[in-house]
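Common to both upcoming complexes is subunit A, partnered first by subunit B, then by subunit C.
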Partner chain A sequence: MAGADGDDSLYPIAVLIDELRNEDVQLRLNSIKKLSTIALALGVERTRTELLPFLTDTIYDEDEVLLALAEQLGNFTMLVGGPEYVHCLLPPLESLATVEETVVRDKAVESLRKISQEHSPVDLEVHFEPLVKRLASGDWFTSRTSACGLFSVCYPRVSSTVKAEIRQHFRTLCSDDTPMVRRAAASKLGEFAKVLELDYVKSDIISLFTALASDEQDSVRLLAVEACVSIATLLPQEDLETLVMPTLRQAAEDKSWRVRYMVADKFSELQKAVGPEITKNDLVPAFQNLLKDCEAEVRAAAANKVKEFCENLPEDSREQIIMTHILPCVKELVSDTNQHVKSALASVIMGLSTILGKDNTIEHLLPLFLAQLKDECPEVRLNIISNLDCVNEVIGIRQLSQSLLPAIVELAEDAKWRVRLAIIEYMPLLAGQLGVEFFDEKLNTLCMAWLIDHVYAIREAATCNLMKLVEKFGAEWAQNTIVPKVLGMANDPNYLHRMTTLFCINALSEACGQDITTKQMLPVVLKMSTDQVANVRFNVAKSLQKIGPVIDSSALQTEVKPVLEKLATDTDMDVKYFAQEAISVLVLA
Partner chain B sequence: MAGPGGDMQWCFSQVKGAIDDDVAEADIISTVEFNHTGELLATGDKGGRVVIFQQEIENKNLPQFRSEYNVYSTFQSHEPEFDYLKSLEIEEKINKIRWLPQKNAAQFLLSTNDKTIKLWKISERDKRPEGYNLKEEDGRYKDPNSITSLRVPVLIPMDLMVEASPRRVFANAHTYHINSISVNSDEETYLSADDLRINLWNLEITDRSFNIVDIKPANMEELTEVITAAEFHPHQCNTFVYSSSKGTIRLCDMRASALCDKQSKLFEEPEDPSNRSFFSEIISSISDVKFSHNGRYMMTRDYLSVKIWDLNMESRPVETYQVHEYLRSKLCSLYENDCIFDKFECCWNGNDTVVMTGSYNNFFRMFDRGQRRDVTLEASRENSKPMQVLKPRKVCAGGKRKKDEISVDSLDFNKKILHTAWHPQDNIIAVATTNNLYIFQDKVN
Partner chain C sequence: METTKLPPSSPSSPTTSFSVPSAEKVDGFPRRSMRRARQRRSHSSSQFRYQSSQVELTPLPLLKDAPVAELHDLFCKKLQQCCVLFDFLDCVADLKGKEIKRAALNELVESVATSRGVLIEPLYPEAIKMISVNIFRTLPPSENPEFDPEEDEPTLEASWPHLQLVYEFFLRFLESPDFQPSMAKRYVDQKFVLQLLELFDSEDPREREYLKTILHRVYGKLLGLRAYIRKQINNIFLRFIYETEHFNGVAELLEILGSIINGFALPLKAEHKQFLVRVLIPLHTAKSLSIFHAQLAYCVVQFMEKDATVTEYIIRGLLKYWPKTCTQKEVMFLGEIEEILDVIEPSQFIRVQEPLFRQIAACISSPHFQVAERALYFWNNEYILSLIEENCQVILPLVFATLYRVSKEHWNQTIVSLIYNVLKTFMEMNSKLFDDLTASYKVEKQKEMKRERERADLWRGLEEHQDRRMQMLTEAARNQRNLQERGERGDPPSPSSPQTAHSDQPEPKPSGASSSSGAGESAT
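Up next, the complex of A and B:
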């Protein structure tokens, strides 16, 4: 290993070390990412005594360098000599845990959590726990917020005296002066509760939870809602009513819409955590209120949860609750004044049909679907159309097809190309649901019309759509319905449309197979090689390259080769280039 | 001779900026702001520069020799730009600076011009790495074959270096000119206001902001008022106010709804019919609004007066102070020379007992709220000897002019004090004349 060429092997490492302080961020970043190589070359001893002290002081650097450093250090245990020396990694990570950039701090905390597991119980108390305490009582809120994420990893592995200290520190941070710290504590409350003994959950956590949930800042209160889910899961059912529900009820009616939004957003989790009885008695009315909230953001969040909430209702009373309590609210939301609310509802409402069954769907839901299909906002209509499969399973699509068709046609001709693009993307799905006959009769013309749309993105999507349709309906269908129309466009006076023919052929050849490609498509492509527009000609070369593998080899030699050779001598540079490329790819030279 | 705060007298401490009368446009100070401890003082100018002064910490034990502010860091915050889509020049002028509550050893501030807000980090560095493997310390490369061992750089002390680095750029959210920025007490968000809209930003997210107020009418011809200033409540994270060109202040509660189009309180003083004139609407336009430190009151500045409002009383201000009532007869000429559109700012002292605002002729005014006393002081080169006590000035509005009084007609309207700032705890004030920054402090007896 050592010896005469020892110097040579040192050179790349020397470069890496020097570049740790290069002026170019990219080079520094590169070196930091290869930190393990440096450490390996230095050996564990020098890594501990020289490299880590240097890194501890480099917190001046750019965020991306610090982020990479924080990540590297999480995997450094073996490089400093194994678990016995893992505590050497704490100083650099401690300084990274106090920088102002949240992503860096979070990564440092993540690495600290990781290496905490590699500490022996003794080292945890001697080295790790003091670090947590230092951070928790730091001058700046950055270090105190970082401490919040570390309590739960050391708590289970320390003595009961230290446990008491940790609980005390957490309590202190929950009532910190800085809202940033209270937010960090609130967001870790659930996680911390999970590692605590049940008695302490009841005595400590509940009081902290109650305090945070009535904090003066709504940005803190809303985080308590999240903790509510974890805490409710930990407590026995009989304690929920007294310990958790008063706070949850209060949150669902909070003065601040952001807190109510959070309740709506976490509703499914809350529902699972509190169980069926409380759901029936408390959550159903709460959910009704959220669906009728005065703030549109809250209604939209609640509307998003309608299906999940209904699905998770206790089976014995599910239908009754939906029919008498939920459905009336849903009906109102269909004609909400806010389009985000309507579109959130439209994205889930179809899912109710599987829960309610055929008769209820036809009687109660179908009118709502139809109303939404006629909504003035395209997003609402699109959301309904994109979820057709749920209804299809329950009542069959025929019930809807009368209203569906005008809605699709209208979207297909919408003035906004993004709307047209969205409906094209649902075409293969619709074709599957509606069947080939209905498709041929009503939708085929739309699909062909998109090929000559004036927006390229639409023409491109239409091409791709044809390919998916052929995959669904088969080559024979393609030969009868699509291919003639596509090939017809080769004579179009507009060169953009002629190019669309080529793009379609590129997309369809594989799905259509050798026979159709060689006999029908190839002649058209070859004929277009004499097009007066150079763009068409070089696309001919590109098409030939693309479909070459599909056509049979004799045609390749006798028909394709001469054409490509001719194009390779074209006056246009691009045509020449692509012809030559095709020749070499198809190995025709 | 009694000044605000009993027998307090103000004396000259320092003046910053060039002495010559020939003022370069770029050097005109456009904003002044102390940080939360008062240790740092930032100014912004029309040239897009931010200059930060730091209070020297020596002489802490000798209060009569209170330490001076010296330049700590200077950096170019904004550059002139051109909006090619709208064919508009975007000035580099710094409209506002706001300090963030301190979060670690570094300091952070937001600075804004008409369109773009930037978050700056000001940090100190006192160590530098030493030791290369492949070159000598002076930069000469070593022979690669001479490397027989690896060397890890070590950090050695060096002279203190202050660096300002841009951390975030919040752009493309304002169609009109930004007039205010204000950091929320949740320490996570801030607002930015332009003529017609107010946006809410997260300090860490630059690619989106939420519109919380939009007063743009569907038809711009129906436009009757614009937003002139906006500020968050110092303690309640859900409350903010914005003032309008019509002299009203709206207080909004962000808890009520996502878009705060409906205010929860509207502060408006009924117009005095006897004072009604062609200029009534122009002079009632509010140029600045500031919450008191305790959060109970807010102060507004219009062209002729300063008003203090109790947040619990919307019908009229609890206190009104005339800043330069003698100008009421001069409004016509002030309209002609555009001075009537000057935007004077105002500020509170540390314990909310005194307020300060600027006037013309390099005069500035202080009003003692408890003792109902006021004083006019002047920032000028003539009384800029160390620890020289400022003499109160008097303007004579018509009639006989007494000794030491200045006639209204001899006021210089080109010398105006628009921007002033009060140290958050101590009696130290920073007053910006056109291109000079004066620092005064109370005379400790």
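Up next, the complex of A and C:
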């Protein structure tokens, strides 16, 4: 394989290294990103002996460059000659793992984790594990932080003496002086527990877990909550009560809201990890407390989990627990003082109806839905409306329709256009569930009113909404209910409304079919070609281009063509342009 | 809709929990009026399971009426009375109790400030306990997650009527001539200080102001805590820089540090230098730099004035973290550089002038006129001008091409005329060098373009080479696979077989212009 080891004569390392050293950061960055190309040109031998030492020595650069380097090195195994040489990559990555900037360090750790898999067990002990030890006992917190992420990847593949050392190092870092390191250790605790033998989980991890969970800094304590999930999953049921639960109970009542927030946020995972018995005895009261927490953040996080928590309750006592313990709290949340809490609840509360069944829903949940539909905060109402499908399956939407209507009307007229936009998006769904009669009677006026909203985005959404409605209810319905109204707007004194007619025609023509388009819409469009506002005229040209394919071909030749030809000689530049474009697209020239 | 879901963000920063209603978020232009509505709110500290005062407070006799023998006892009772906490969110709850506590606090403040001999040893634990119970609390989540200290009004602490008096008492206590550090240090310990430092994250500027003065006093009087305080401030800053980017009290802490640095003994300890290089300089990367930049620049300059040898670290550090996109920050950096240059020693200047003026040249060519203008103002500074003049031989070649080019193409007239002045100054400084550079400008330009072409050629060659190698490897892999398929199955492929090699190779890059004779091609 001649040349496989690089064309030495062609690419003197000096030239390549010059590129990596360029004064311009952008050029340096470009070169680093193509490091693999350089390595390939140099061949494996020189990459190992010249390029890597250079990279190791010059690690003082822009973080951006270092990040690219850290990433590249993770894919370098083959470029240094395969797994037997992979340890050559360790020195530069070791330096990168001690860098200040978190993203660089994290990337270096990621690459180290990746190439650790390519080490043979022997190399892992000879090269990799000493690196982890060096990092774990580094002076500055950055290297110790990085070390935390490397224990779990080498632990399973080393001898038992080395394993003992690794455990010792991890233990030391968990009680490190700097909170940054303790945070890193706490965040890797769960991962490390997973690779440990069960005995050590019980003897080592539990004590570390307990210590971290009562750290003086809440930023450490809250990370222990995450670890709690993994640890609880690893332990046999009978040990949970003594080893995990005291700490978990304490976390759920922590004086820092951040920790309680974390418990609420991880509640479903915790619930699955500890199993049904503990859930019944411990988590239910804990969950009740979180739902009643004094901090809105915590209540909102817990409210978000209501449905999931209820779903995962053991089946035999599910209904009883929900009815006696959870529902009273939920009722209170419906009138919470904080809108985020209410809207968190509104986004999941409808899900309870499938769990509780028809009768309970009608008796207990329906009043809550109705209350939330009347909430002062539009987001709460929107969240309820957007989840109507869950209730529809259980009790049918009719139960709600009387209250639904005022809620929809109010949202449709909300002062914030984003709210109006959101409700428009649910219209097709609502129309489907409420049926055509209800729609015609109650909602049709709203849909038409949006067409003359003063915000363009609303008019646009309203147009699109009409299209979806026609797709749902059919062309005949369109012809009877909406097409006349849309076409009527063509005579509106406001040119924006006249243009809306055109936009509607663009959207509806396909769904309405050739007949309606040619007979009813086309004449209106053609008539508008003499509009005094140029914007309307060029939109006529655009509309003709759009609906052209739907119109029957004789009308195209006899009616559309002359109009477009006339527009193509318009005084306005844009009108000319779009008319010509339409002519060429419709092949009328 | 997922809109209400709280972004848990990174677990280490749940401070950023509440999302603005989705409607507003997508909008991108939160309306002024709405923001105003949110302002001027106050919230109460997050006292978990608020122990509302079941204890009914009864007014005690006044301190000033107390006989001397009972004074200490009464003082102590009042301290205990002040340990009761009230709910200030409910502004009409227990008004009587609140008033009693307020009066008691007022009396305590006055007593500790004016009368001598009150502070006797048994009162220390009681006083510190009262302070701890009142001020130490988990700070509540921010009402406004996108709180911008420059734009928005901060959320104020609801219990301030009491809290202020407690802080006032603490301050008077520390400042009292009777104050005995040897007694206090048993109660004002590391744990106490750590909690005190956490309070600096308070959104209420009044609270941070008190904390600043108090911490300063603690630092001044309790010598045993100094190293610990510095270390914890380090940790707060590092967390701020690398983890959360959120901490309200950075400016206040820096202000304290400014005077601490002032008092450092010479030669500087390694610990202090490390603080400069690894904490203060990286603080410049923060998004919210503008809030504490003045204090930060002061600290940096303090360091230089203490020990000129740190100059190079500072300048190189600033250059490393030079803002890439934020022009507002760039202007701040330039301001700080000027402050530094104002006090730089000429011998230190020589060590950093090259990278420094390369950056200054880059600033001059910034399309943002404020950046260019700020950089050009350096030439109005006499001391800087004298440094430039002394090193004209080095500096002029670094900036000449930029000045020449920008003088011809900058859109802003002020910049153009400023540049003319600078060019004129240089011409007067060293007309010979100036003429040489003007003459060689075109030649240099062409050389640069040639280098550019060579670089493009080099990379094209490299990429073609890579493509060929990739092809070879793929072929080799195919052959190998064929061989293996034909051979017996028991033979495990060696780990370095080209088959694995192939899968680990980076994707072949599409070579830019595949024609022409790249260096690689002509050789084979």
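Just so it is clear, the second predicted complex is superposed on the first by the 528 of 589 C-alpha atoms of A that agree within 3 Å, B and C clash if a C-alpha of one lies under 4 Å from a C-alpha of the other, contacts with A are read in each partner's own complex, and residues count from 1 in each chain.
As a working rule, contacts are C-beta pairs under 8 Å (C-beta built on N, C-alpha and C of every residue); 3 or more make two chains touch, one makes a residue touch a chain.
The structure presented is a predicted model; accordingly, all values stated were derived computationally and were not measured.
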item	value
Partner chain(s) touched by A:S219 [first = subunit B, second = subunit C, both, neither]	both
First, second, both or neither for A:M262, with subunit B first and subunit C second	second
Touching partner for A:F141 - first (subunit B), second (subunit C), both, neither	both
Touched partner set for A:A300, first subunit B, second subunit C, both or neither	second
Which superposed partner A:F54 touches (first subunit B, second subunit C, both, neither)	first
First (subunit B), second (subunit C), both or neither touched by A:Q271	neither
Partner chain in contact with A:L42 - subunit B first, subunit C second, else both or neither	first
Which superposed partner A:Q372 touches (first subunit B, second subunit C, both, neither)	neither
Partner chain in contact with A:T102 - subunit B first, subunit C second, else both or neither	both
Most subunit A residues touched (candidates subunit B, subunit C)	C
Overlapping contact positions on subunit A, where the subunit C interface meets the subunit B interface	7, 10-11, 15, 41, 100, 102, 140-141, 178-180, 183, 216, 218-219, 254-258, 294-297
Residues of subunit A defined as touching subunit C within the complex	1, 3-4, 7, 9-11, 15, 19, 23, 27, 34, 36-38, 40-41, 62, 75, 77-78, 81-84, 100-102, 140-141, 178-180, 183, 187, 216, 218-219, 222-223, 226, 253-258, 260-262, 265, 294-297, 300-301, 304, 339-340, 343-344, 346-347, 377-379, 382-383, 386, 416, 418-419, 422
Contact footprint of subunit A on subunit B as seen in their complex	101-106, 108, 121, 123, 125, 127, 129, 132-135, 144-155, 185-188, 204, 235-238, 254-258
Subunit C to subunit A touching residues, read off their complex	1-6, 8, 11-12, 14-15, 17-19, 21-24, 26-27, 46-50, 138, 140-141, 191, 194, 235, 238-239, 242-243, 278, 282, 320, 358, 455, 458-459, 461-463, 465-466, 469, 472, 476, 495-496, 500-501, 504-506, 509, 519-520, 523-524
Subunit B partner contacts - residues on subunit A that touch it in the complex	6-7, 10-11, 13-15, 17-18, 20-21, 41-42, 46, 50-51, 53-54, 57-58, 60, 98-100, 102, 140-143, 178-180, 183, 216-219, 254-258, 294-297
